[in-house]
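What follows is a set of structures for review.
Note that subunit A is present in both complexes that follow, paired respectively with subunit B and with subunit C.
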Partner chain A sequence: MDLFLQQLLNGLIIGSTYAVVALGFALVFTVLRVINFAHPDIFMTGMFAGLLAGVHISDNFLVVVAAGALGAGAVGLALERAVLRPLRGKDILMTLLGTLGVAIMLQNGMAALMSPDPVAYPQALPQIPLLTGTISLSSLQVVNVTISVLILAGVSYYVRMTRYGRATRAIAERPDLASAFGVDVNRVSQISVVLASAMGGVAAVSVGLLYGSAWAFVGLLYGLKAFTCMLVAGNRYFEGVMVVSLALGVVEAMVTGYFSSSLRDAVAFFVLIVILYFRPNGLFGSYTV
Partner chain B sequence: MSALLSISGLHVSYKAVPAVSGVDLDVREGEVRVILGSNGAGKTTIIKAILGLVKPLKGSIRFRDQELTRLPPHRIHQGGISWVPEGRQLWGTLTVLDNLKMGAFSEPDEAAVMERIEAMFERFPRLRERRFQVAGSLSGGEQQMVAIARALVSRPKLILMDEPSLGLAPMVVRDVFALVKEINRMGISILMVEQNARQALKVADWAYLLEVGRMVESGRAAEIAAKESVREIFLGGRA
Partner chain C sequence: MISFAFWEPVIIISLINVVLVTGLYITAMSGQLSMATAAIAGIGGYVSAVLTTNFDWPFIPAVLAAAAASGFVGASLALVTLKMRDFILKLTTLAFGEAVLVICFNIEYIGGANSFTGIPFYTDLKVVLVLVAISLYIAWRFDGSRLGFAARAVRDDPVAAAAMGVSIARARVLTFGLGAGIVGAGGAVQAHYILIMNPGELGFFISLNYIIFLLFGGMYTMWGPVLAAVVLTGLPEVLRFAKEFRLILYGLSIVIVVLWRPEGLVTRTPTGVPRWYSRFWAATPEPAGADNPGRVGESKADSAN
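Right, the complex of A and B next:
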């Protein structure tokens, strides 16, 4: 029972980060109908922006988090202006290749600039054990999951309750109609990409703090799983994407706890593929290209 | 009186296939005008060109002395043109209330928007009952009410109506045409595309006949309705 609770906790913590990354994919896809392959590496860029700010400016927690948001948000803005907007309305393959190119550039650029190996992260917050004994929980885990939950709640609020959030859903369903009713689709696209990037950057900083390191190839770890979560949930309901991401985290943690960590990804992807086989549009439905 | 909307020499093609070839059309302030024509005549294309959703090959579309052909759709809407699209085209996953709010997206003052929506609920009490339902779950007639209310909340000068009676029960069709009259009495001009020529000619001031992308006739609605050729094609040959 202790093992179960421990793994449930661990799973929800890792799953909450998957959820933030997956939501970034979903937000950009529903508004721009583009799979942003650069998204996981924008996440990684945010992690390093936080690291650099922590080393060179201040290791104050808020400074590091803000740097993560700004760094990733700026890359998102550049991606939208330089790649996504010029390629809008062109063949979907061109946009896919464009974002893939940016992903490779970011990964290898960061590896060349910083290091191809994990780099130590500044200690912006102390690592305090909150629970010890049969179930363990640290302050950084709490911070990590709190940040993710705040982001998820914030996005939910934005999309459901605000004027631009409504426009986001309107574009997702019928982009032409939204523009004919006064929505500047370019502007909402830009907001969506920057928002998805900035929240990825913040989540990345909290992951960096939690594990004490940043890595130029960390995007691969989170990107594929988060992308698959979006496919399995379907992109129609963002809350669905969150639930599936949390569930994936828990499944992974359970496999690690009860069987072996080497089986973790195999089982997780097996479950996701089985679901997709029976529900190709995802559990909660999808907008298509 | 000068025209509110003035289209001249409009050419639109999809890929290399011409859909509209040299159309001239005016709508004057306070009028209801109708474009009649069979499927594929290019009626919807004209509407989409006005809205900026398709880019014309050549020709000019002027609205209140502003050239529209180079403006993006959201700017055209902000200039005072709204739309009741073919087949309603509601945001089916959004609630009725959110559909109406989207109709007035250009107005940032939420309180002002709610006031206008409240006025719509006064006129269409059925929509108030259904405001928290997703629009996709409504009946065809109710959906058409939402589509019309959505077009009105932005306080437009001109509403483009694309086949407003299509796929509706005969009772509802009568309501829709009565509503067209009512909207027009509010001082809003209407350009309508219809296949239901008989009803459309009753509410319209002026009518155009479109055949394979060209205007073949234009005149007062009553005169057009009396023409032998029109009666044969659109009114089933009966008086």
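Right, the complex of A and C next:
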């Protein structure tokens, strides 16, 4: 029972990060109809922006988080302007290739700039064990989950309650009609990409704080899983993406806990094939290209 | 610039990549972009490696057996994904590739995580050139065959193709099987050059390279991916003077080509043709009939706008 609770906790913690990255994929896809393969590496850029701010400016928690959001957001802004906008309306596979090129640049650029190996993260928050004994839980894990939950709640509020959020949903539903009704598609696209990037950056900083290190290739660990979550859930309902991401985190943790970590990915992908065989549009429905 | 001894491995690897991307091109022709190229090549590699090492098969039958095994796996994968479309199909092939990787990690007989070693060395430039010639010939003949036209019709509009009497299942299973067979032969030849099979080389991020080749070159012609495979395999070597910045330049060149030619490097539409010539060209429409189904291979992107 202790193992179960511990793995449930670990699964929810990793799943909440999957959820933030998956939500970034979904937000960009619904508005631009583009798979932004650079998203996991924008996440990584946010992690390093937080690290640089923590080392060179101040290791205040808020400064580090703000730097993560700003750094990732700036990369997202540049990406939208330089690559995604010129390619809008072109074959979706070509935008995929373009963002892949950006991803290669970001990964290897950061590896050349900082280090190809993991780098130690500044201690912006102290690591306090909250629960010890059979189940362990530290303050940084709580912070990590809290940040993710706040981001997820914020995105839900944004797309349902705000002016630009409604415009986002209008474009997702009918891209052609939305602009006829006066929605500024360029502006909403830009806001969506920057928002997705910035929230990825914040989540990345909390991951960096939790594990105490930043790595130029960390995007590879989160990108594939988050992308999978988005497709399994379908991108029509962001809440569905969140639930599936948390579930994937828990399933992975359970397989690791009860069987072996080498089977973890196989089980995740097997569940995926089964679900997609029966529900090809994802569990909650998808917008198509 | 540098001696042939430096460039020979680069040439051999890039030619093997040409074979693999030609197989991927045939698979993609019916609209199913396989994200498991590395896994299917790996299956071919393992089959050939086991047959030559443990059963003393000669080289050529082993490669043929590898092609047959990979082709069978590819055709079965096409059967499973028959009803799926777009991203779901790609994701299923991706998941299949990752599953093959995990399975290979856990089979003790083929070395598991310790790699399969002791593979005999057979592949040299001559062997690779022969295989490239064979696979390009197959792709070229396939392009103009009835099945090739049917496959492109299925890719461009499955509903219309089905209404015209094209069997979607047949086109998809056969293209996937044939493409996977070529990929398997390429993987086998690669195994006899690298001499070691590691399950880690079967993953999605290796497969991604072949997808980059395919899209970079343009997936609507046979020569585009071939050109891209040669250029993009050689590029990181040519850029070696740039030290750790070479992969950044690699990524940058991909982005530039995508922005500059959003349909891929080589397209079916003639570009840079003088206006008087294109007007003349447009004035003589091709007779579209049962024997000449018209320009079926025209890129989707042209009509999507």
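Operating definition for what follows: the second predicted complex is superposed on the first by the 289 of 289 C-alpha atoms of A that agree within 3 Å, B and C clash if a C-alpha of one lies under 4 Å from a C-alpha of the other, contacts with A are read in each partner's own complex, and residues count from 1 in each chain.
Here is the rule we go by: a residue touches a chain if its C-beta (ideal position, glycine included) is under 8 Å from a C-beta of that chain, and two chains touch if they have at least 3 such contacts.
Here the structure is a predicted model, which means the values were calculated and not measured.
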Superpose on subunit A as described above, then tell me if subunit B and subunit C fit or clash. fit
According to the stated criteria, A:Phe269 is in contact with first (subunit B), second (subunit C), both, or neither; which is it? second
State whether A:Pro280 touches subunit B only (first), subunit C only (second), both chains, or neither. second
Partner chain(s) touched by A:Leu87 [first = subunit B, second = subunit C, both, neither]: second
If we overlay the two complexes on their shared chain A, which of subunit B and subunit C does A:Thr228 touch? Say first, second, both or neither. second
First (subunit B), second (subunit C), both or neither: which does A:Asp59 touch? neither
Going by the contact rule stated at the top, is it subunit B or subunit C that touches a larger number of residues on subunit A? C
Name the contact category of A:Asn108: first (subunit B only), second (subunit C only), both, or neither. second
Smallest separation of CA atoms, subunit C relative to subunit B, angstrom: 8
What part of subunit A is in contact with subunit C in the complex they form? 35, 83, 86-87, 89-91, 93-98, 100-109, 111-112, 220, 224, 228, 231, 262-263, 265-266, 269-270, 272-273, 276-277, 280-282, 288-289
Per the contact definition, I'd like the list of subunit C residues that touch subunit A in the complex. 33, 80, 83-88, 91-92, 94-96, 98-99, 102-103, 105-106, 204-205, 208, 211-212, 215-216, 219, 244-245, 247-248, 250-255, 258-259, 262-264, 299-301, 304-305
In the complex, subunit B residues that touch subunit A: 51-53, 72-74, 76-78, 82-83, 85, 89, 91-94, 98, 101-103, 105-106, 108, 110, 150, 154
Show me the residue ranges of subunit A that touch subunit B in the complex, using the header's touch definition. 163, 166-167, 169-170, 173-174, 176-185, 236
